[in-house]
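In the part that follows, the structures are each spelled out as structure tokens.
Consider the two complexes below, in which chain A is the common component and chain B and chain C are the respective partners.
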Partner chain A sequence: MLLLGTLMHVKQISRSPFEVAIAMVVPIVQATLAVYLFRSGGEQHRLIEAAVGAGLMGVWSSVLFGSGGAIQNQRWQGTLEMIMLAPRRPVLVILPITVATGLTGAYSLLATLAWGRLLYGIRLDFAHPAAFVAAAVVCVVALGMFGLLLASTFVLMRNANALTNALEYPIWLVSGMLVPITVLPAWTGPIAAVLPTTWGARALREATTGGPVWPSAGICLAISLVCLTLGGFAMTYVERRARAAATLALA
Partner chain B sequence: MDSDYAIEADQLRRTYRGRSGWLRPRRTEVDAVRGVSFTVRRGELFGLLGPNGAGKTTTIKMLNTLLLPTSGTARVCGHDVVRQTREVRRRIGYVFGGDRGLYERLSALDNLRYFAELYGVSPRDRKRRIAELLDLVGLAGRERERVEGYSRGMRQRLHIARGLLHSPDVLFLDEPSIGVDPVAARELRRTVAELAATGTTVLLTTHYMVEADELCDRIAVIADGQIQALGSPAELRHRADGRRVVEVEAYGVPDTAVSALRGLPGVRETAVEERGALQLLTVQSDAHVDVQGEILRELAGVRLGRVSSREPTLEDAYVAIVNAA
Partner chain C sequence: MKTLRLMTVGGVIAYRALFNWTRPSIFIGTLLVGPLFQLLFFAYLGRQLQVADDRFYLVGNAVLTATLAGVFGGTLAVGNERRYGTLGHVLLSPRSRTVVFLGRALPYAGNGLLIAAFTLSVSALLLGLRIPLPALPGLVLAMATGSLACSFFGLTLGALGLRFRDVWVISNVAVALLMLLTGVNVPSAGLPGWMVAIGNYLPITHAAEAARRFAGGASLAEAGPEVAREALIGLGYAVLAAALLKIFELESRRTASLETL
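And then the complex of A and B:
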């Protein structure tokens, strides 16, 4: 169920001309942003780290806009009612959508690295290449589960887009995808600690520059499983609320 | 099934509550369905007829678990639609009219595969069931094409195939023939009739009287959120007994003339249907009163086409019921 659902949603998302255009352009912008940020900071040696962080931003954007956008798109298409009408737990219906957005977001990570290499000559020297691949997989799956928690809100809100816009920058900033969280105000620390994106970014950074990858990846996965559990309960609650508030359809 | 009835609705009500504005929020309430009760026997083809905004779709959505009733109860195959949602969903199919409700960038086959998985069709039966349904709806050979390239009729047929994947006991058809060409609509009616003949209970909402008259065992006319009449097509047609219908084709009938027609002695209903430049004026009157001469007198100066007088149809009965609501 999860596998087939994810495959179908990946097909549906990846055939959208809009998504394809975004996927082509955004990684170039992100790679450029990262390179110039670190160059101007005189940290030429950390360019690969910057490219990885920028790529992860792309995965987060894909999950955030994908989870919100996918739910909203399903509402516009009239498919949200049809899938919610299935005699399945709501979590099993929505999780494939959010995991699919994570998977399409993984392309953004790869493309950012590739553009970094092609346009700016960033050398892709990973300290632990195998661990990097594993951490990237963990990140994609984890963000898909985090997306589920977000999606529960989107099922309830007719104007989910407003929330996605508000969440994009704060999360990648607080998670330390591009800027180290040590330079952020202390009050952001607890928020960062409970976000799977923080630990995913750390795991990828450690795989790139050297460091203990597995504890960060493990924490990322653990938090994501908590998100999955909470998301599962939230979806059941939210589905009932949506039936009461009549928000599964456009009108 | 564990009940004598496939569908039981008892005093169903649904109020939509809305809120607009932030600083001075304005709350609105619309009573879409106001105490609807009816039962549908197993294997029956039951029609729900009504004008736009009458509460047909809201009623269907309460019965198929997409909406919670504000009050009242409903059971499908003996299962409560609020408390036993999953039991109900296993037994029902839902098909609505129009272009939406399918994954456009996927092929018909992928759509059916995905929904078969969602609706719990076992992997062993899936391939056979999908092939059967593609044959049934006439899409065999086109199943690998993306839905975005399909015509409206083809999409509607795919909708029906999707709704039947898990062989539901009860099928909800919400205006399935809307926007479908006459040939496709006839095919659709044939498919629906065949389904009912094989024992599937069908609840059909439609605007088209011909469709309801041809297919339905019983019809409930709903207007203003309430059932106004319920019976077989023949019984409903009797509502217009003792009446005569005059139809006039006209061009540019002023509103004042239509109002004047309503005031003529013996006239019971008037309706104007716009057909491009042409207006079809339908006047129902008591059968013993000849109003044709009076009508033509009121329409003096208006360019007229064909004028005819006939026995009332189900549509005339429907208009009479809805106008009386």
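And then the complex of A and C:
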């Protein structure tokens, strides 16, 4: 059910010209910006990191806006009641949507790598190619699980859009997707440590430049499983509350 | 006087209508917190890569943050009329639609100035950038000019909403391109010539340069030409927006595609 649901939502999202354009064009512009910045800073040898980092930023944007608005989108489409009526736990119905946002976010990663190779001749010399693929998969699935927590908590907030719009850059910044965490103030360290995005970005960076990939990927997955559990409980609570108060279809 | 009233009062009513739909949290989250972190992101990236100093990033990005209100506001000013089915009513008005729509851009310019001033003040406090007091009037002038130019640029994109189905792709990509092409984050010397050439005809490029000069202690005579260039570009986009709105309105009437989404 999870696989079929995810596939269906990936297909649905992929048919939206807006989603695909945003997932591919904006990260490419950001990657171009990162490349010229890295070049200006005399860091030509790190261009592949710029491409990977910009791609991961695109994955996070996709998960944030897609998962954050997952319930609201179903509500606007008039399909929320139908999917909540399914004789399955709400988490099993919503998780495919949030994982699908992570998978379509992976278009960003593919786009920035292809762009870097074709346009700027960046050699895709990954230190651990197989580990990079594995880390990317872990990252996408983990962010999908993190997305479930976002979806379930955002639905409790009347103006979740405000939080969604405000969360894009802070997570890019604190997770070290492009800016190393070491240059940030020390107080951001504990916040970064509990975010799956931090460990996902680290795993991808280590697979790219060399380093122990698996511990970072493992921690990323572990934190995401915690998010999945919390998101599952929150989703059940939200569903029961909405049914009791008859507010499921109300914004 | 009537035209001026239509332009300002009409613009303010449309702006209020947009935010009356929501709570202040949307405004704070989207237009204050988001842009502040955008600025901090590039400031820390710039610090790490040592491409330029804090003044370059903080002042430049503060001016750039006005694009959020300007570009998306300008797009919303036209796009929402179509989306909510009220475009026909506006176009039926016996008054000049050009004035009505150009007036819509004014509150967004004010909004952009507020965002730019907020992000610059807070980021300067957080990252310890000292801005000399005599530089403030010049900075406000540069930011205001940039915000206005950006709003007319947004209105130009919004005009495309009368012709194209999904104007949101255009506005999202435009905001990302402004980050790259205006030289706010990468100094012009680090960009290819064609990107610099395009950037010279985009809003923000000259306003950011003027603001940096003012923040560095330049006088109005020294930074003024950049402000004038920005104003000229803003005027150019205002004319372009007015022309496109007129052309697309006539085209929509001719093909009966006014409310088609």
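We take it that the second predicted complex is superposed on the first by the 238 of 251 C-alpha atoms of A that agree within 3 Å, B and C clash if a C-alpha of one lies under 4 Å from a C-alpha of the other, contacts with A are read in each partner's own complex, and residues count from 1 in each chain.
By our rule, contacts are C-beta pairs under 8 Å (C-beta built on N, C-alpha and C of every residue); 3 or more make two chains touch, one makes a residue touch a chain.
The structure displayed is predicted, hence computed values, not measured ones.
Superposition of the two complexes onto chain A shows chain B and chain C fitting side by side, with no clash. Once the two complexes are overlaid on the shared chain, A:190 sits clear of chain B and of chain C alike.
Using the contact criterion defined above for the overlaid structures, shared-chain residue A:39 touches chain C, although it does not reach chain B. Of the two partner chains, chain B is the only one that A:82 touches; chain C does not reach it. Looking at the superposed arrangement, the partner reaching more residues of chain A, out of chain B and chain C, is C.
Applying the stated contact rule after C-alpha superposition, one finds that A:121 touches neither chain B nor chain C. In the overlay built on the shared chain, the residue A:93 is in contact with chain B alone; chain C does not reach it. After the two structures are overlaid on chain A, the closest C-alpha atoms of chain B and chain C sit 6 Å apart.
Annotation: chain A has no residue touching chain B in one complex and chain C in the other. The touching residues of chain A, counted against chain C in their complex, run 17-18, 21-22, 25-26, 29-30, 32-33, 36-41, 43, 158-159, 161-166, 168-170, 172-173, 178-180, 183-184.
Of all residues in chain A, only 1, 4-5, 8, 11-12, 15-16, 76-79, 81-88, 93, 240, 243-244, 246, 248-249 touch chain B in the complex they form.
Listed in rising order, the residues of chain C touching chain A in the complex are 22-23, 25-30, 33-34, 37-38, 40-41, 44-51, 166, 168-169, 172-173, 176-177, 179-180, 185-187, 189-191. Residues of chain B touching chain A in their complex: 16, 64-68, 86, 89-90, 94, 96, 98, 100-106, 110, 113-115, 117-120, 162.
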